[in-house]
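These are the structures, in structure tokens.
One chain, chain A, links the two complexes that follow: it is found with chain B in the first and with chain C in the second.
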Partner chain A sequence: MADTEELIDELAGLTLFADLSRPELAGVAHTLEEEWYAEGQRILREGLSGTGFYVLLEGEVSVRLGGDELARLHRGAFFGEAAILLGELPGADVVAAGRVRVVNLAGPAMKNFLMRHPNVMYRMLQEQTRRLRSANRWRR
Partner chain B sequence: METLAERPFPPGDYPLVVVGSGPGGIQVSYSLRRLGVEHAFISADDSPGGMFRRFPFFQRLLSWTKPYAPVPRGSRAYQRYDWNSLIGDEPTHQAIQPEFMDGTSEFPSRPEMEAQLAEFVHRAALPIRYGCRWEATRRDGDRFVLDTSDGEYRCGLVVFAVGVAEPFTPELAGREHVVHYVDTRDAASYAGKRLFIVGKQNSGFELASGLLHWASRIVLASPRPAKLSVETNTLAGIRARYLQPIEDRFMGGGVYILNASIEGVERAGDVFRIKTRATEGGMDLTIEADEVIAATGFVTPLRDLPALGVATFGQSRLPAQTAYWESASLPGVYFAGTINMGSPGLKKNGVGGTGAVHGARFNARILAREIAERHFGIVAPRPSLAPRDVVNYLLEEATDAPELWNQKGYLARAVLFGGDGPYDEGIVPLQAFVDGSGPDGAAITLEGDAEGVVRPAAYVRRGGSVSEVMLDPDPLNEFRGSADGRARLTAALGELLP
Partner chain C sequence: MVVGMTMTSAQKAQSLARVSLFAGLTDGSLGALAELAGEVEFSDGDSIVIQGQVGTGLFVLVSGAARVMRGSDELARLVPGEFLGELAVIDRMPRMATVFAVGPTTCLALASWDLFRQVDMDHDLVHSLLRGLALRVRQLSEQHSH
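Let's turn to the complex of A and B:
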């Protein structure tokens, strides 16, 4: 549980939102919706449309395909953006590994949110680039 | 006059206790009673109605009841057009709200809503122990013990239907100068005053609309830009009823709407100075006002339940719930009514289930069936369907089912295929079908997109895995005759059908 002030403090501590001023963070905290998941609950569902963008505040999630764990994400990680940005269905499940707290942004609101907060878009791009570089390294 | 000794449900041991006599509590108790589940029903209030005994201030609800709908009053399909009546099993328990409307608006007044709820309780002869305040909770082995103003109630299960009802004002410097929405006075007492309203959701705009005639200036401020329901195409947003202040701002009528955080409120003689900081650009602005009202919402009055293990989240401190509205962290504790927002469902396109009466009344009925089956072995019948009728049945439900229209993307009609062929599983939480296991089958719901287009969405479970089948919209929402829908559903169900 967090009231908005606590949520602002939490968001301020995440890399994705590190460049935002406090008033901007307040706007973000009022825009994102907090959600809570019990262990084993699905947050993102493979093949289902209309998904959202999630930032992990507490706990860990497991990225799963056909019962196999592809990756594990920790506090500060974000997921769901690829399906929204590309207009595709999610390619895997994301499942709560223990109790999980996230903030969520609805898919249709994503473009407007990123255009309003270019610093968040830049941080997201950095992280995506890191992921791409890692993937390319593995391929070599 | 009822004496203390005549009040129902004295303290003692019960299989289940329902707490709270707003619409959620009344509906779940009514439905449990019809199923034969013995329980006590207690309420701190002295009459039924919950929040509707006091709110909204400016007299009319946000939820309509249309006395003249395209379907007969009292039919199941009519419930889609009557958002306020509770759901009864007998004709005299159905569609009560239109009997209590004076014809001046499709939105009942607050007293009309309160009267409808009281009439439902009266006609159903629903026993409620009023004036019995739940004060504390503890565990005794596998039982719950509720301490109340009347004594101890011991039970195996509890349904809390206590609303999202506790006024919430965020921490800020000078909070003592800020009056909460619940303490708003008579409109005339704001004559000529400069108002500062913290919060840009429906309650803030309700106040602004109601006080446009009286206040000399109204400033509404909060960090997030106001969203309108006509833009979001969901109930999340300022409802059309409250748009007048937005038009007044544009027309220069003394209404100002700021996207700013409130940095503090201080007294300066007879007035207040509110320090704000713009969300974008960070510009500081101090605004003088005669009154400061926080329309910053409510939290869930869960008392000591979090200490007992009920996980909560978000600013409203909603308890996290399973698809069947059980605490996600403390089994045996269930929730009904507005609190059901703590089980948002699949939230496709950001749209979760509604906690308002028109949706939560259906949740309460499903919850009663779930409790009856899971804990009391009282299993509702599942009528068989002829295989050739399955697709038509699903499309008819998409066209007419009030549960699907009022809980879009949240409740669904499910048909399962057992050893003896297909049968009607009933109305179920969509999330329970999609994430749960069980026989092959299909669940149909209605989903709205960001453009406000409503279309049926079917979820087909075969061999344990669920796939989504989006059907085409129809300009008149008449899905039952859809050749496209029939073809896609038939293909998705494959050899399950003859």
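Let's turn to the complex of A and C:
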């Protein structure tokens, strides 16, 4: 396990947390749980409860629906937030493509976390906008 | 496009409360947005936003209808309670489509700079925008998979 200082450094390097001060990052590092997944392990399962918000620290994950890969996410990407925000079940599977390390926050804790760190929420909003633009681009 | 003057702040707040993007906002937050919202009237065929232009605001349809066009493709029809221009407000990139009024149409317009200032002060608003966009992403991916 990375020690806290290392984890803070790692989080500081991600766009999502780019606006946070060192003390704020320390708070975030304490709040989030580190988890590891092996190749092929499902982190989120479509239609299954037990949601969480995840930020990818190492490795890649594949977002899959019915056997098709919808997207591949890399270091710094986040997932799982939509189901929590909407109060719905995950809309897709998220599967580890190789060894993966994430930090995780339990669903019910997310709103509090975001309200405490509005800059993180704003970064998420920007990323969501980018996703929506690329989804729109392919729409006919 | 004509600036309308008929809606009271309370009526504006009521119209904004119907919009999914603002779902779950407190009356205080809605009231603050209503104070910032301008009423704008369009005639049939007027463009509300134009593809390629940098967006300066978010529009909420209050009455009438609108069609979302990219080139000659109609992407969507909008009815009262729906919104447009939300992405350009956040990322200040060019508009992705042109939106035309269908029949006489009234919108509430929220200027980007006003919305930005509000977002800075009102974290509930950011949360509700995030939720609104998550809903759009999910609706789009559902359209793709069906």
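Simple rule for what comes next: the second predicted complex is superposed on the first by the 138 of 140 C-alpha atoms of A that agree within 3 Å, B and C clash if a C-alpha of one lies under 4 Å from a C-alpha of the other, contacts with A are read in each partner's own complex, and residues count from 1 in each chain.
Methods note: a contact is a pair of C-beta atoms (placed from the backbone, for glycine too) under 8 Å apart; a residue touches a chain by one contact, two chains touch by 3 or more.
On a predicted model such as this, the values are computed, not experimentally measured, just so you know.
Applying the stated clash criterion after superposition on chain A shows that chain B and chain C can sit side by side. In the superposed three-chain arrangement, the CA centre of chain A forms the vertex of an angle with the CA centres of chain B and chain C, and that angle is 140 degrees when rounded to a multiple of 10. In the superposition on chain A, A:Ala135 makes contact with chain C only, while chain B stays out of contact range. Contact with chain C, but none with chain B, is seen for A:Pro118 once the two complexes are overlaid on the shared chain.
Once chain A of one complex is fitted onto chain A of the other, the partner contacts of A:Ala82 are limited to chain C, with no touch recorded for chain B. Judged by the touch definition given at the top, the superposed model places A:Leu65 against chain C, while chain B stays out of reach.
Residue contacts after overlaying the shared chain place A:Thr15 against neither chain B nor chain C. Here chain B and chain C are compared by how many residues of chain A each touches, and B touches more. For the overlaid pair of complexes, the smallest distance between C-alpha atoms of chain B and those of chain C rounds to 16 Å. The interface of chain A with chain B does not overlap its interface with chain C at any residue. Put simply, chain A touches chain C in their complex at residues 65-66, 70, 81-82, 85-86, 88, 91-92, 111, 114-115, 118, 121-122, 124-126, 128-133, 135-137, 139-140. Across the interface of their complex, chain A is touched by residues 170-171, 222-224, 259-261, 277-280, 282, 306, 311-315, 317, 320, 322, 328-329, 344, 346-351, 409, 434-435, 447, 449-450, 467-468, 470 of chain B. Looking at the complex, you find that chain C touches chain A at residues 73, 75, 87, 90-91, 93, 96, 119, 123-124, 126-127, 129-131, 133-138, 140-143, 145. Interface residues of chain A, counted against chain B in their complex, comprise 1-5, 7, 21-24, 26-27, 29-31, 33-38, 41-42, 45, 47-52, 99, 101, 104-109, 116.
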